[in-house]
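First chain A sits with chain B, and in the next complex the same chain sits with chain C.
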Partner chain A sequence: MTTQSLSGRSPQEHYETLYSALLEADMYNIAQADKEALLLPLFKLLHDWHLTRSVHYHRLFGHTESPEEALAELPYLAVRLFKQLALKSISEDQLFRVLQSSGTTAQVPARVFLDKDTSARQSKALVRIMQHFIGKQRLPMLIIDSPAVMDKSEFSARAAGIQGMAFFGRKPVYALNNDMSLNEEAICAFAKQHNNTPVLLFGFTFMVWLHFVKALQRRNLKIALPKGVLVHSGGWKKLSEQQVDNSTFKQTLKSLCGLSHIYNFYGMAEQVGSVFVECEAGHLHAPLLADIVIRDPISLAPLPIGKVGLIQVLSVIPTSYPGHSILTEDKGQVLGVDDCSCGRKGQYFAVLGRLPKTEIRGCSDTGDKA
Partner chain B sequence: MDNLQTLKQAFTTALGIDAAAVTDELTYNTIPEWDSTAHMILVAELENVFDVMLDTDDIIDMSSVAQAKLILQKYHVSFG
Partner chain C sequence: MKVDWLKQAGAESVSLAALPALQAPLQRPAASITAAFTQKLSEALMRTPQCRAFDELIALGFWLRKSNLQAYMQDIDGMAKPLGLVVHYTPANVDTMFMYSWVCSLLAGNSNIVRISTKGSALQSTLLDTLLRILNEPEFSALEQANQFIQFDHQQVSGEALSLCADARILWGGDASVNRIRALPVKPRCRDISFADRHSVCAINGDAVTAADDTTLKRLAEGLWRDINPFLQQACSSPRALVWLGSQADKQRFFCLLAQWQGTQPVLENLRNEQLAFGQWLVATGQASALQQYGRLCIPEMAAGQPLVAPEHPGQWILPVHSLPGLPDLSRLITAKLQTLSYWGLEKETLVKFLAEPSITGVDRAVPVGQALDFSPFWDGYDLIAELTRQVRVH
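== the complex of A and B ==
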């Protein structure tokens, strides 16, 4: 950027300074009012940044003022635009990687354009957030997916998720074969080696259920990982069709694998890195780097605590594409602010499924027949 | 082999690059051989040859050869 701010710093330097300070702060102990005061200048910078760099963002919001008082004033992009437009705020030579989200058969995949800076920020943010739940140490890791997912030429949201969580693992073992069948030998060897020490398991929610839980049940197999921590994400849509809710999921994994520490997180392929992790009380929490606004599905006006509407997700991470404020097609409600029984500050919320009649989509909903 | 040679050897083995390419300035994601997948192989190799356990902060911060030295020094691996 060529314009200089009053302090003599470029907007990019200003952004980097504010962002670094946020990343160093505790992700969950800043009260909502203080958090918004910290985030607002960052989102103003991001809004102006993308206005000057993304043709599409400028076309949509060139006449929208940057937010002055509340995060809810920030304009938002409908998530489906990531399928229809090449949304980027970088030149071709800065392009590092294009992340493709769950494109199957007739569906058009969403494309997310990343430069090195945004990609690095995503990894670091995910680590900072997940450290809060699973600690800084790295653990022997069982990846509940097939190694083939990492080999594809396009970089999928699934691969990005696995790669992000792999920072917490050591000596990763894949639980599934390339054809998505259970790698019983690998799983049993892993369980035998680590039956009384902490381990990390990661997978997409639907994969964990269909290819791991169901496969173990079919084979009448139980494994003991009593000190294991399972992290999973990707959405509940396909599981709710099978009448499987979060508590059934947890109970089944407890009885099959002895797992009692299970963390679900909500996150978008369009905002990799800023994830909303479920706390011990079963509530999803916005970390310091991200927030949500619930909007009326018809009027799109912001809704108060308790009202069900569309979830708008905000993230201070993306500079390479205008994805800092996205209106999802997920329904949800804010459950409270600063007063969750787990002690974490900020907003906590619930996701209540998809808006009807939207295209079926979800990271873990790829290529499977129930 | 001194620690510097061991470090260079770990980088060449894990990333599959020439020893001559392993300079302090060599930076993560600037060559195709040092991508995020190779990074995890590198971390495992460094842990193995120096007998250390690196945590998630360490491997996120390990963005260059120079940084790798600094981080390993925290674990009492000296580079003279």
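== the complex of A and C ==
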């Protein structure tokens, strides 16, 4: 930005200063009221930032005041817009990469436009958050995916997740072949080599289940990684269709691989980096860099603790695209604030599935093909 | 070709050739058996509790009343005879629309094979149960023989054999579906009546709104909501945009009354999000300048010069408003896709003069607000009963 703020710094410098301070702080020990006080000025800066840089954001919220008192005052973008529009707050020459959502259920992938700054912030944020759960050391890593996912010309959210988590790993081994079949040889060698040392496993929830757990079961294979930590993400939709819940998932992996440290996280392709990790008590926690607001599905008004509604996700990371405040199509509820038995401060919550799909009804519906 | 023949107690898989409608004798137009059947169906739809649970079925029952249907038949001049076998391809999810065109064909005396969508809804199964139960009563056996409701999976069956039986085809569906069916082989003289992608709008004269008292405006709001509410605004004749002509002074006043008219019935939990996603897309792309919420209705204010209805409009009680100085400004926004213009505060004579202009390629019907979904045999520019009969002249 060219205008100088009152403090004599440009808004960009102001943002960078505030952001760096947040990143240095403990991700989970600041109480909610203090956290909101820290986040509010950052979101005000982000709101004004995107107003002057994104034509779409300006058209939508040019007449909306920036939040004065509560994070819930921030306007939010419907998450579907990322599939329909090229939402950018940067010029073409600043574009570093375009991240595409895997779109496993959607035909049209979401596109997220990244510059180097936002991309770097995403990686560092993920590191700061995950360090809290898996420590700082780099562990031998088993990636439960196929190496082919990294080769695609478009940068997928899957690849971004793997790349982000790879920071914690060394000597990565892919557990699947290019055709998504189990690479039994690689897995057995990995397990043999590391059967009594800490290792990191990472994969997307339904791939871990479908291509790893199910494949091990089919082959009647068990491996022993008692000191392993599994981190997984990507949503439960496909698994709940198969009646697999979180506890079944954990128990099965424990019996098949001896894994007792399993961390699920909730995160959007539209907000890579600021993820919500599940604690030992089974609750998702908002890290210092992010927060959520639960909104009534009909009135869209913020809801109190315990009420089920749509999840609005907030992240202080994105400057290259206007994605700092997004209304998701996921349902959830805040379970509590500052008082989780795991000791982490801030809001903790549960994700309770997705909004139902709209049934297309119309005289001109083509749904049931001629 | 195998089809599932829907019967009172479920479905029976039979070969197409086994369907009695292929052999059944035709009826005279407006035969007394047909009138007795439609009257009985009308009463069942309006009186039985399971049907009364659906506004759409009550409306269908009301339309089927003897007095209403007789009026249609009086329009038939000369000697009209049925065409033969009419094959109906019905839309996937507007569960009652196909009934109107089927009844027109029935009144004309034709035999009918009606392909029903396999995507059943509670409304569809209630309707079919009632319909088949009455059709199976002994007094209607001639109609039962001449009319079959079937289902088949398009993935497995191309439907060529069925198409080749038809003397006329009635095609409900999106442009792509309609074209797919039209590509199937037919008899050389087969008639096609295509109800493809259309949309509708409502025009309200703002000057008349300003002059009107609250009681009058409440009636207008009630009528507009009656046009928008059914099928979540997804019927092709439901207005998907509002054209506000003249004075803007009382627009908000009217919208507030409209918000009050929507009642408090529970809505689907994804409705508001659908409205937000489409509304934000309109604003973000510059097609709309602002979004407002009035009760259950999402009302985007459209920017000047935008198409009346975006093809992406998903229904869902979203009513984009185009503000125009007067009727002449509407003409360049009308396309051939525009089916119904519902209107309020405009003189019928003015409208007739306006629509007569050759440059206006759309609008097949203009009706007062509140009647947008009332079916008539004049639909999508067709005179349905005339299309479904053969005109004989003896000189």
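Here is the rule we use: the second predicted complex is superposed on the first by the 353 of 370 C-alpha atoms of A that agree within 3 Å, B and C clash if a C-alpha of one lies under 4 Å from a C-alpha of the other, contacts with A are read in each partner's own complex, and residues count from 1 in each chain.
Operating definition for what follows: a residue touches a chain if its C-beta (ideal position, glycine included) is under 8 Å from a C-beta of that chain, and two chains touch if they have at least 3 such contacts.
These figures come from a predicted structure and were not determined experimentally.
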Contacts of A:123 with chain B and chain C, given as first, second, both or neither: first
Now for A:163: first (chain B), second (chain C), both, or neither, which partner does it touch? first
I'd like to know which partner A:137 touches here: chain B for first, chain C for second, both or neither. first
So in the superposed three-chain picture, is A:291 touching just chain B, just chain C, both, or none of them (first/second/both/neither)? neither
Pick one for A:330: touches chain B only (first), chain C only (second), both, or neither. neither
For the three-chain arrangement built by superposition, which of chain B and chain C touches the greater number of chain A residues? C
Considering only the touch criterion stated at the top, classify A:80 as touching first (chain B), second (chain C), both, or neither. second
Tell me the contact category for A:115 with respect to chain B and chain C: first, second, both or neither. neither
Contact-wise, after the overlay, does A:278 reach chain B, chain C, both or neither (first, second, both, neither)? neither
Residue set of chain A touching chain B in the complex reads 96, 116, 119-120, 123-124, 127, 131, 136-138, 150, 163, 166-172
Per the contact definition, I'd like the list of chain A residues that touch chain C in the complex. 56-57, 59-60, 63, 77-78, 80-81, 84-85, 297-300, 310, 327, 329, 355-370
Which part of chain B faces chain A closely enough to touch in the complex? 29, 36-37, 40, 44, 47, 53-57, 59-60, 63
Taking the touch rule as given, give the residues of chain C at its contact with chain A in the complex, in rising order. 89, 91-94, 97, 117-119, 154-155, 159, 172-178, 180-181, 195-198, 231-232, 234-237, 267-274, 276-277, 280-281, 283-286, 290, 314-316
